[in-house]
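The structure that follows is given in the form of structure tokens.
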Amino acid sequence: MKAYHLFRKDLFSEIRNRYAINSLAMFIIVTISVILFSVGEETISDYLSGGLYWVVVFFTGMSGLARVFVSEEERGTTLTLQLIARPETVLSGKLIFNLVLTLAMNIVITFLYSALFPAFVIKSLMLFFITFILGTLGIAISSTIIAAIISKAGSKGTLYPVLSFPILLPLILILINLTKISMDGTSFGEAIMDVLFLASYDVVMLSVSYLLFDFIWKD
Amino acid sequence: MIWKIILFLLMSYVIIAGISFPIVEKPEAWYHFPLIPGLGENAKIIFFHVPTAWITVLAFLMSTIFSIKYLRKKDLDDDGKSQTALELGMVFCILATVTGAVWAKFTWGEYWSWDPRQTSIFALLLIYGALFALRSAVENEEKRATLSAVYSIIAFVTVPFFVFIMPRIMKGLHPGSADDTNVGPVVNFKMNSNMYLVFVLSVVAFTILYFWMWRVGSRSLNIKEKLLKNYR
Amino acid sequence: MNRYELKLDSLTKYFGRRLVFRDLNIEYSQCGIYGISGPNGSGKSTLLKIIAGISTPSKGKIIHTAEGKEIDTAEIHEHIGFVSPYLVLYEEFSCRENIEIMGKIRGIEPDEPHIARLLETFGLADRQNDRLKFYSSGMKQRMKFIFALLHKPALLILDEPTENLDNEGKNKIYELIKNYSASNIVLIASNEDSDLQLCTSSINLLEHK
């Protein structure tokens, strides 16, 4: 409950300022436009479009998911949070926010992408849906803990993708593979091993985040 | 002192044997190496490539362990040891990647083909790079030590995922990976005992070299920090 | 009389390899006002942060006890009120909104009469719906006190409590502190003599190097 109220606080703050939403929306449009312009008249194969999809998702995430912790540090309100909530509550609240944000952003990206890239056709919708949900979860979880780390460092903007990429790499690889086979029409049953890997990545990163957050949060 | 002498002898033997002993079809003399199908003359790089890859993994492991020690005891000396391991590990990682790429060019025709092992060493290089970037971005010593420790643990945790996913996704060109029916010279003992001896000595020699460099490096780093504090 | 106790046990703090203070052994078990003095940079703020559970000591420990039971570090924030020059509240929200949000995140039930009294005492009742962005520094300081007292803590930790306040404001704060210390523990860290005069006893951090 307390974490939910922290999420609401961030949500209201966001509605008042509209910093993150604006920049994320613009970023999605810019990234997709850049791809479309560079590709020009050439056609993109289906597998390639699947891979590029997750590229767009990754970079969009990098541009907006650090805000939850960085904005508190930059404004000096980290101390305030330390005085009103336990560390787990803070992490939970920020996780909820990033989850909602990642979900919203991924839904937008998926719609724009399917509309603009004709080769992006998914045959096994069920498999893709599960991949989408678990992938969104994984990105949100990993991005949040890394955001907490870089919020305490300098040069946060460039540091964020540098630290996030190695951690997200196994996730991105599974996601690209699963997208590929869901385009092929593989059934959910056949892909169960990969889906289990995906789910276990989410679980492991979630546990590790909670275990280590205390060290990052306290001085 | 005795270790330095042992190291000198071992390294000399390894370098001379590794580079100059000829590879022949039917080894007879004690200094002949057998011909392994598919590898040929450039098999010799195994004496240098495999140890560097092994050392870089060992260095990462040590760096993480000393980082965790720091989290428990808050002794900055542990962070110094961790940092030195990191620096050495980065050097050996670059060496492993480069020797690997050179070998790849001669054997498979391409410097880089995203074979699972190549991708793994690249991922390790990224992790090292990330840790260096993180350390240089944090001024406060304790915060720096704590944040690198946390990141090392997170990175370490993603390693099993790599190990399991890679073979499922990519076909392997490395001797001894999923696609290769030729299991590989080390596992299959296609190396004869001469070659095997040089190989083992090489691994031992590089390990001693690493530990020596690590000890000197971490001690001097910790002493330097202690001296500098008087001038801060 | 409250039964809150604070114990500093061989408390030592280093920044990197630089010593801040060493071997602090103090017990606060009676209600009252206690001071911490020392020049700028002597570690007063650091000590208060450690007591509040926000920083960790290099050696030794802090023990908070309520009704004889020791309080876990993660829960200390529920029992303390903290005012400090570098405390920043949420400036995009109004005073009222800040109070509501803080209360909800803390997980406490809103106590309307109590809130109204606090707003009255600190003279912010008629500006409660203005965003903190538009407050003067004196008003922000008073808002910090409201924030600290909202959840009726047993231990009040004040770092430079009269910073940014005019004389009238200062006197009001002194009165509040005296009243509060009748049934709670108040710790004040300050350079101001007038602040330290309120204290029944003081420690000087310079003596603990």
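A, B and C are the chain letters, set down in written order, and residue numbers restart from 1 in every chain.
Note that a residue touches a chain if its C-beta (ideal position, glycine included) is under 8 Å from a C-beta of that chain, and two chains touch if they have at least 3 such contacts.
Since the structure is predicted, the reported quantities are computational estimates derived from the model, not experimental observations.
Chain A has the C-alpha centroid lying closest to the overall centroid of all protein C-alpha atoms shown.
The most distant chain from chain A is C, comparing centres defined as mean Cα coordinates.
Contact tally for A-C versus B-C: the pair with more C-beta pairs in contact is A-C. The distance from the centre of chain A to the centre of chain B, with each centre set as the mean of the Cα atoms, comes to 32 Å.
Chain A and chain C have Cα centroids separated by 38 Å. We define each chain's centre as the mean of its Cα atoms; on that basis chain B and chain C are separated by 52 Å. Across the assembly, chain A contributes 219 as residues in contact with two or more other chains. Against chain B, in their complex, chain C makes its touches with residues 15-18, 58. The part of chain B that touches chain A in the complex is made up of residues 71, 123, 126-127, 129-130, 133-134, 137-139, 143, 146-147, 149-151, 153-155, 157-158, 161-162, 164-166, 168-169. Those residues of chain C lying in contact with chain A across their complex are 49, 52, 54-56, 74-75, 77, 80, 82, 84, 86-93, 101-102, 104-107, 147. Those residues of chain B that touch chain C in the shared complex are 74, 76, 140-142, 225-226, 229, 232. Contacts from chain A toward chain B in the complex involve residues 145-146, 149-150, 152-155, 159, 162-163, 165-167, 169-171, 173-174, 177, 193-194, 197, 201, 204-205, 208, 212, 215-216, 219.
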